[in-house]
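The two complexes that follow have subunit A in common; it is paired with subunit B in the first and with subunit C in the second.
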Partner chain A sequence: MSHIIVHIVLILGLPPLLLGVIGKTKALFAGRVGPPLFQAYYDLAKLFRKGSVFSTTTTWVFRAGPIVGLVTALLAGMLVPLGNHSAPVSFSGDLILFAYLFALGRFFTASAALDTGSAFEGMGAAREVTFSCLAEPALFFGFLVLAKLSGSLSLTGMLDGPFPKGWGVAGASLVLVAASLFIVLLVENSRIPFDDPNTHLELTMIHEVMVLDHSGPSLGMILYGASVKLFVMGALLMRIVAPFESGNAWVDWGLFVAGMLALAMVIGVVESVMARFRLVFVPTFLVAACLLSAFGIVLLLR
Partner chain B sequence: MNPLLDLILVAVLLLNFVALGASQLRTVIHAVALQGVLLGATIVVAHSTVTVWVIVMAGAVIALKGVVIPRMLFHAIREVVIRREVDPIIGCIASLLLGGVGTALAVLFSKTLPIAHEHIGSLVVPAALSTVLTGFLILTTRVKAISQVVGYLVLENGIFIFGLLLVEAMPFLVEIGVLLDLFVAIFVMGIIIYQISQEFSTVSTRKLSALKE
Partner chain C sequence: MSAAPQLATLRNGVARARREIPDLDWPQFRSAILDGVAGGAYVTAMFGHMPNVDDVVEIYVVLADREGGQLHGAKTRVCGDVFPSLTPECPQVHLFEREIAEQFGLRPEGHPWLKPVRFVKSQRAGHDAWGRSTSEQPLIGVMNFYRVEGEEVHEVAVGPIHAGVIEPGHFRFQCHGEHVFHLEISLGYQHRGVERALVGGPDKRTIHYMETLAGDTTIGHATAYCQVVEALAGCKPPARAQVLRGVALELERLANHTGDLGALAGDVGFLPTSSYCGRLRGDFLNMTARLCGSRFGRGLVRPGGVAFDADGTRTEELLKSLQTAMSDVTSAVGLLWDSSSVMSRFEDTGKVSLEVCEELGLVGPAARACGAEGDIRNDFPLGIYRFSHIPVSTANTGDVFARAYVRWLEIQRSADFVREQLQMLAGGTTLTTPGELAADSFVVSLVEGWRGKICHVAMTDERRRITRYKVIDPSFHNWMGLAMALRNQQISDFPLCNKSFNLSYCGHDL
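Let's look at the complex of A and B:
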């Protein structure tokens, strides 16, 4: 029971810190001091205190977008095991729910963007759905490898049991899946080199352009939802890359948090050393991610 | 079944995808050079007893495929001033997908081949077939002469991987002879590329199929 509470607290509390760590790492690379580690929390607190302005042309869809985005991300967080601990909710086939919770959130974010009637936001929505429909097969191929390896169809079953052994049995497949999931993580969370979360320039935006009309608590929910999404997908990846088990349940929690912070640093390093890809190259990389996962399956099945 | 050999072959297969998907010629050549170095390493890994000749052979492969030929290609790029494959007959994404399908088919097909008992379950045959396929794909779908030379190199790498099956039986002289052939072929191709670019002020091979200007 106490572990479920820790799980919920981590899902609710930790995600904005990852953004802070990424920001600090980037600042370190650029030789700046950078915003404080807890800047994302301050931003969220500020946004939730503010009032909202809604355009009169928008409908309930526009208001539902951020809420659905946040709730789906949190629900997905309930399905994913954090470190060596099983998820609070787990059943056979929950990996499909996991993938499509994100798809639902994306659908509402894109619909909210279209609801404003702005051509600019429509462009962002079109880009977002194009890229995510290429990222989805990569995610599923990755899940297929894990399911085949563990013989289980739930996220907890896939990531819990066979992992330290899995590296010995099918190390090559797992390297491929991890690489592919890392690409998916960067795309889905609109990080450099696929999208720049800080930019407001027309030609470089994918995700950011869709949320231009949101303000106050809505914008806060979008930022928070995005960080939760980063956290959840990061937890999935960390479990594959670093399946450490110490034996003590509480030490495992510590290891998990340390792992997530390390992942945030890796993302910060990637963002610092790479330039954004031109938009036309993004699909190439996503297809490559799909191929990596698919190749992982081939290696596993031969 | 040799786990280290399989791991190297996985890396070789991934480099195939890099060679298929990258549009920058530099990236493609780097990928093929790295592939050459890995192939040199496979010789050492595949032999059960490592003798001086094995080391010499591996060194020769690495020097030739990893250093000399890539340098010649980089020189050729500098000489004719091209940096990217502008309009391949099949685009990057499509050729990546074709490469993926080819690899899957190679794995399936190699299961049906009557292979000697000790090679069953090893990645050598699928990797060889898929690399040969990748080479064919690059050779046929790219129009720049340099890309085609790279395709030829990848093709040869595939044949080389096939040779790993016979690595214990193949005499040293044969392997060195093949390497020499490859070197001469690339050398001649380098000269031809230069001639093409002198003659037509482009290295696109589309010009070659027209009878008159």
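Let's look at the complex of A and C:
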């Protein structure tokens, strides 16, 4: 029971810290001090205190977008095991629910963007939907590898089972899957080189342009939801990459948190040393991610 | 190479009597321009002027030869409300003609793209080129925009208020998905009537108008103005002042080019160069501040010389900070060329061919990136540039990479120049007092600002006051180049292309 509480506390409390770590890492590379580690928390606190402005051309869909986005991300967080601790909710086939919870959130975010009737937001929604179409198969191919390896169709079963001995059996497949999931993680969370979360140039944005019209608590929910999504997908990836177990359940929690912070640093480093891809090349990289996972399956079936 | 013989030959920064500018009839005027341009000359200025006689509008033109440092001037008189447009045969004059149409209610018959430039009222009461009511102020941005029709074509309108803290301008894209067919740019939001405010001058305010024509080109415009006054007053600024002006102009170039390279890196999300160049731009601005107390060089260049001298210790300090800044810039900018992810964004993005560049008469680094070799410091040198030459930096691909790389080449040349000049600074005074301006005179002054060719044309009346002052910022020539660069590009590459030109809104709107 206490582990379930820790799970919920981490899902609710830790995600904004990842944004802080990414920000600090980037600042380090840029030779700046950078915003405080807890800046995302301050931002959220500020936004939730504010009022909201809603355009008169929008409907309930616009207001529902951020709420659905946040709730789906949190629900997905209940399905994913953190470190070697089982997820609070687990059943056979929950990986389908996991993937489509994100799809549902995206559907509402994109609908909310279209609801404003702005040319920019329509453009952003078109880009987001196009790219996620390609990211989804990559994710599923990855799940397929894990399912085959563990013989289980639930996230907890998949991620608990084959590790760490899976690395000995099917190391090559897992490397491919990890690479593919890292690309999916960067795309889904609008990080460089696929999107630039810090840009102010509305014509180049993907995710950011969809939420231009949100303000106050709605914007807060979007930011918070985005960080939860990063956290959940990161947890999935970290379990594959670093399946360490100490034997002591509480030390494992510490290992998990350390792993997540390390992942945030890696993302920060990637963002610091690379420029964004040209938008037309993004689908190419997503297809590459699909192929990586697909080869992972091929290697297992041989 | 030289223009038709019936034009008056002018030199950069040398005054001529107004009566020496030949008054041609329309066919002569027209063939003079067409022949000149066919012979390789650029239309540097073309503007209307309303002398106080009834309804006649005079149109002046200044052509610049490619080589030999000669300018050619002529004028013609237009009675009535129309004149035949030259644009179909000479696209370089398209914006000049639109400006004349707007300011004087003269309709260039046959102009393919006749739209307002700054949305101002015609100076000739009761005449408007678009037949709008002349009693009300035209609304900015209200005009017939070009539209591509079709089920799948959509229009994206950006601005005049942008997501970043930048100047206002309106952009309309005709898109098919991410693909841009056409971009139309509509400016005028920054129009403040500077040219009309200068009439009757020079007075105490004139120099301040000049320094703020385009805030980032303070030294460039102030120098162009001072050259005008000095030419009209027959005054020669001291050698030391000439050197300091050159140093300040190159420091301005260094600061802006460095800032641009950083901003280009920022637009593709390349963090290291972006943040280092942002700081280094500040270092160069601070060097200008060491010279005169203002980071943008306000108050430095004055008619007759410069208002601040650089003593020995200050020169030493400048040399030292130049060295540190340059070694930092070298490593920060080097990262750009060494990163394949950056190069893949820069190369082949926003291409402008040399033909288009020549047809439109683009200027500055944007033109040199297409392979055009024009540089005022080299072609029409004045002041220190007559004695100390700066090699012209060009590239030939005409894309974002070329525009970035030309900037980097110019940064190196400018730094060498500043170092050399500061090391052997001439002695003597820095400021003389120009006397009264010559009456009834005409002068053209050209300066290579960091954005390109700055052209000021001034005419005085019999009372020795300015009766017409025309400012042509490099942006005036180049905005159309940006629109052409965007054809068949991805709309998401617009910010990058825009930054690679980095044009001034207020310099265009005046």
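The definition used in the following text is that the second predicted complex is superposed on the first by the 302 of 302 C-alpha atoms of A that agree within 3 Å, B and C clash if a C-alpha of one lies under 4 Å from a C-alpha of the other, contacts with A are read in each partner's own complex, and residues count from 1 in each chain.
Quick note on the criterion: contacts are C-beta pairs under 8 Å (C-beta built on N, C-alpha and C of every residue); 3 or more make two chains touch, one makes a residue touch a chain.
All of these numbers come straight from a predicted model, not from anything done at the bench.
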Exercise. Check whether A:Ala172 is in contact with subunit B, with subunit C, with both or with neither, and answer first, second, both or neither.
Key: first
Practice problem: State whether A:Val251 touches subunit B only (first), subunit C only (second), both chains, or neither. | Solution: neither
Practice problem: Look at A:Phe120 in the shared chain and tell me whether it touches subunit B only, subunit C only, both, or neither; answer first, second, both or neither. | Solution: second
Practice problem: Tell me which partner A:Ser272 touches in the superposition: subunit B (first), subunit C (second), both or neither. | Solution: second
Practice problem: Kindly classify A:Ala294 by the partners it touches after superposition: subunit B alone (first), subunit C alone (second), both, or neither? | Solution: first
Quiz item: subunit B or subunit C: which reaches more residues on subunit A?
Solution: C
Practice problem: In the overlay, answer first, second, both or neither for which of subunit B and subunit C A:Pro283 touches. | Solution: first
Quiz prompt | subunit A positions touched by subunit B in one structure and by subunit C in the second | solution = none
Quiz item: Considering the complex alone, what residue numbers of subunit A touch subunit B?
Solution: 171-172, 176, 283-284, 287-288, 290-292, 294-295, 298-299, 302
Quiz item: Within the complex, which stretch of subunit C touches subunit A?
Solution: 154-158, 162-164, 177-178, 265, 267-272, 274-276, 279, 339, 341-342, 344-345, 349, 490-496
Quiz item: Can you name the residues of subunit B that touch subunit A in the complex?
Solution: 6-7, 10, 13-14, 17, 21, 92-93, 96-97, 99-100, 103-104, 107, 111, 121, 123, 126
Quiz prompt | Parts of subunit A lying in touch with subunit C, wherever the complex brings them together | solution = 26, 29-32, 119-120, 123, 126-127, 192-193, 196, 198-204, 212, 271-281
